[in-house]
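One structure is given below, represented as structure tokens, and several questions about it will come after.
For reference, chains read A, B and C in written order, and residue numbers begin at 1 within each chain.
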Amino acid sequence: MSMTDTLHDTAAQTAEGLPDKGGPAQPLLIVKDMQKYFPVRGGIFGRTQAMVQAVDGVSFEVKKGETLGIVGESGCGKSTTARLLIGLTEKDSGEIIFDGQGVGDSLNLRDLRRGVQMVFQDSYASLNPRLTIEESIAFGARVQGLSDPIGRAHSLMERVGLAPERFAQRYPHEVSGGQRQRINIARALAMSPRLVVLDEAVSALDKSVEAQVLNLLADLREEFGLTYIFISHDLNVVRYISDRILVMYLGEVVEVGPVVSIWEDQAHPYTRSLFSAMPSMDPENRTKTPPLTGDPPNPINPPSGCRFHTRCRFVDTVCKEKAPALRELPGRGGHCAACHLHDPDSGHDKAGREDIW
Amino acid sequence: MAIAETIDAAPAQRSGYWAGVASRLRRDPVTMICLAVLALLILSAIFAPFLGLQDPYKGSMIARLKPIGTPGHPLGTDEQGRDMLARLIYGGRLTLFIGLMPVVLAFFVGSILGIVAGYAGGMVNTVIMRTVDVFFAFPSVLLAIAISGALGAGIVNSLVSLTIVFIPPLTRVAEAVTSGVRSLDYIDAARASGASALTVIRVHVIGNVLSPIFVYATSLTSVCMILAAGLSFLGIGVRPPEPEWGLMLNTLRSAIYVNPWLSALPGLMIFITSLCLNLVSDGVRSAMNVHD
Amino acid sequence: MLSYFLRRLILVLPVAFGVSIICFLLVQIAPGDPLTAIMPVDATAEEQAAMRAAYGLDKPLPVQYAIWIGNLVQGDMGRSIATGRPVAGEVFGAVQNSLVLAISASLIAFPIGVFLGFLAGYFRDTLLDRAVTAISITGVSVPNYWLGIVLVIIFSVQLGWLPSMGAGPGGSQEWEWNWLHIRHLVLPAITLAVVPIGIVARTVRALSGDILTMDFVQALYAKGMSRFDVLCHVARNAAATALSVMGLQLGYLLGGSILIETVFNWPGSGFLLSNAIFQRDLPLLQGTILVLALFFVAMNLIVDVAQAAIDPRIKRN
């Protein structure tokens, strides 16, 4: 297939995708105060005994054409956030606004699913073992009633680097992990989405394959004008692909900002310890003290005040009493952090000091 | 572009899943022999009228309880002088029908209930599965006898009671398999593409849960066979004078002092059938790579 | 441990409630008017109505159920239509005889099944393993009512060694522990033991085979532990599951011995049940089934609790 064909197909697909409504200045996605608690049932009658506060008042924006990386420890609510965004899990409260339209008000779930797709971590579990690759890719387009699902599947297979004549009739167990993840990407793109949520999409791949798939993702973003939310625990990968990074801890956003700004100077003590946990290539630059001690607290009973205070080096009385709000740091290009240290009026005795780090 | 990785693809295997199962079955002599025996039993039962057998209903007062090997009656005669060979072959009709049909019916009902419970989860699951739990409080023999005993003898009543007996175990297996599949990402991916629950079940669930449920169902056929004949043996299944192996075993019991081995013949037929069913079920299980 | 027991006990209550509903409905699905069995053929309409009222049959079903269950918890299961005696007494007498049979069969089946299964699991994929597998498949495939008849033909009719009918000499209905009665027990107990031998052997084979290939067994050998001590470890790991299978089998034997009791005229619950069916004695049918099912439920509970006592992982579910 020649390049012109590909471009032609691309044009055809965007024509069938959801139209751009709000214009370039309107963020593609706005999330306001999104909350999801999961009930913990137990005891004799299986009553709800407690709530896991998986996602608790999360707000952020994703601009058109950018990639937002979400990082955090396992169990911090990254994946729940992803599932809430594409409607696989129902949110308890909060707002999701997709290109100016509120999900649930002016945009129903079915249309949202045309606009938002997801790629999962486990490339094998996310493909039906009984369907051929072409059927798996064509399924979504078929369900949405798009024209020529099989032809669409073939051209996308070509685009992600899998020759249709060799792969279309195969089953998922007959291809490699990297190839499966390419199939999953093609499957997500078959619906001509505008936002793709990649939930640890490259984490299970070998490093060399991971790099290839990351490059593919970057090319596809360019070509189809996509917007990504890229969830990962691997900071290097996130840095490579993202424009902005959002850091989550125990269901809350603790820091968000441009990649460069965060890479240069992490504002939140938690982000800082995450970064210092990264292995360095420089033998002189050893990590000598454990950056983070202990396990994350139980999300059923999160700590009062700032949720990180049980593990924070700079903990002060105010941290235990009052939860810090997400504040923009002056002169940092939209870099925000939720920490009393950056609020001169918070009452934290080290607030505003730069020499403590 | 990162197309290099696709070059090392393994040679394409186009042979489907079922072809593999069939070829593994063909290499398993025990299963093949048992399948042949079962086929012979079923075919001879179906085509019994064309085999030149004697009338299985016509008795003779003077030719009662003739031993095996009597001229004209290779397997002897029963307590009413009816030809045993004819009755055993004709007996396969009702015995196999009542012995296998309930599992087939329960397979459909149990699969539907279990898939719905496993896919829907929540309240629907609780209602279906707690009801199933209650039926598990009865040993299967007891439940079959209780329902058949209350309903009374008759072919339809036997079918009903045995189907009720086998719905709960099949529902439980179907539910377990379905909730396992339900938690896999490809179901989420399908839901995320906007497909309705019915479409997701039809395209993505059924194909992946049916073979374990089917294998489990085949393992129930032997028990069902024994139970069905047992109901007739107790006198709450098929009514006389129909030839049926369990019922024949019952009526010939009084003859054990006159012609002992003759009276064991119908039971031997039940035994052979149930043994073959068990062995075939084991063979199918390993050919389909299903593990408990 | 006590809290686990209580939790399981409370989980059993809804099941027991469901069981009582099914037993109550058994009488409702029975064709025909329950009164025809007890009323004279020439009874007038008024007499019939009076009888109906006396038995509470004129009330709506939920009320009838409430009355029935109310009597039940006081130990009153109604009266047998055929004999006029209280159902409870008849059932408990018969269940005792059935228990003698079921426990004897278990005592035969469990040691043999465990032994065979362990041999097969330990010597996996040898001739011995195949022989045991063949035995257990035959065991679960044989219609045991037919096996009973075959044993009677061999040992009573042809050899004349053992009696074929009843629980004791002269059609004795009362079980006693003496040689004359035990002679009557041998054939039915062996017959009843065949299926559980197959099932227990199969379970134990799978269990010990699986456990022997686990990493911790290699670690024990590597530690220099003797073969026997390693076997003890394996046995302890297999015990919880094996025990639960055997406990359930005992429950099955009690409820499932109906056909065997019919073959041997054993005066147990199954024999009672088949009498109840043929005399259309519905209260007796209902009572017998209820008691057997509740016994099975109780057996499940005991097995669960015993399993939790052996295997600490279960308590924490």
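Here are some notes:
In the analysis below, contacts are C-beta pairs under 8 Å (C-beta built on N, C-alpha and C of every residue); 3 or more make two chains touch, one makes a residue touch a chain.
Just so we're on the same page, UniProt names per chain: A = Glutathione import ATP-binding protein GsiA; B, C = Peptide/nickel transport system permease protein.
This structure is a prediction, so every number in the text was calculated from the model and none was measured.
Compared with subunit C, the chain whose C-alpha mean position is the greatest distance off is A. Chain B has the Cα centre that lies closest to the mean of all protein Cα atoms in view.
Annotation: 23 Å between the Cα-based centres of subunit B and subunit C.
Rounded to a whole number, the gap between the C-alpha centres of subunit A and subunit C is 56 angstrom. Rounded to a whole number, the gap between the C-alpha centres of subunit A and subunit B is 50 angstrom. In subunit B, there is no position where the chain touches two or more neighbouring chains simultaneously.
Listing the residues of subunit B that touch subunit A in their complex gives 1-6, 8-10, 12-14, 17, 184-186, 188-195, 199, 203-204, 207-208. For subunit B in complex with subunit C, the residues that touch the partner chain are 130-131, 133-135, 137-142, 145-147, 149-152, 222, 226, 229-230, 233-236, 249, 253, 256-257, 260-261, 263-264, 266-268, 270-271, 274-275, 277-279, 282. By the touch rule above, subunit A contacts subunit B in their complex via residues 83, 86-88, 109-110, 113-114, 116-118, 120-122, 125-131, 136, 139-140, 143-144, 161-163, 166-167, 169-170, 174-176, 178-179, 184, 187-188, 191, 209, 211-213, 215-216, 219. Those residues of subunit C that touch subunit B in the shared complex are 14-16, 18-19, 21-23, 26-27, 29-31, 137-138, 140-143, 145-147, 149-150, 152-153, 157-158, 251-252, 254-256, 258-259, 262-263, 273-274, 276-278, 282, 285, 289, 292-294, 296-297, 300.
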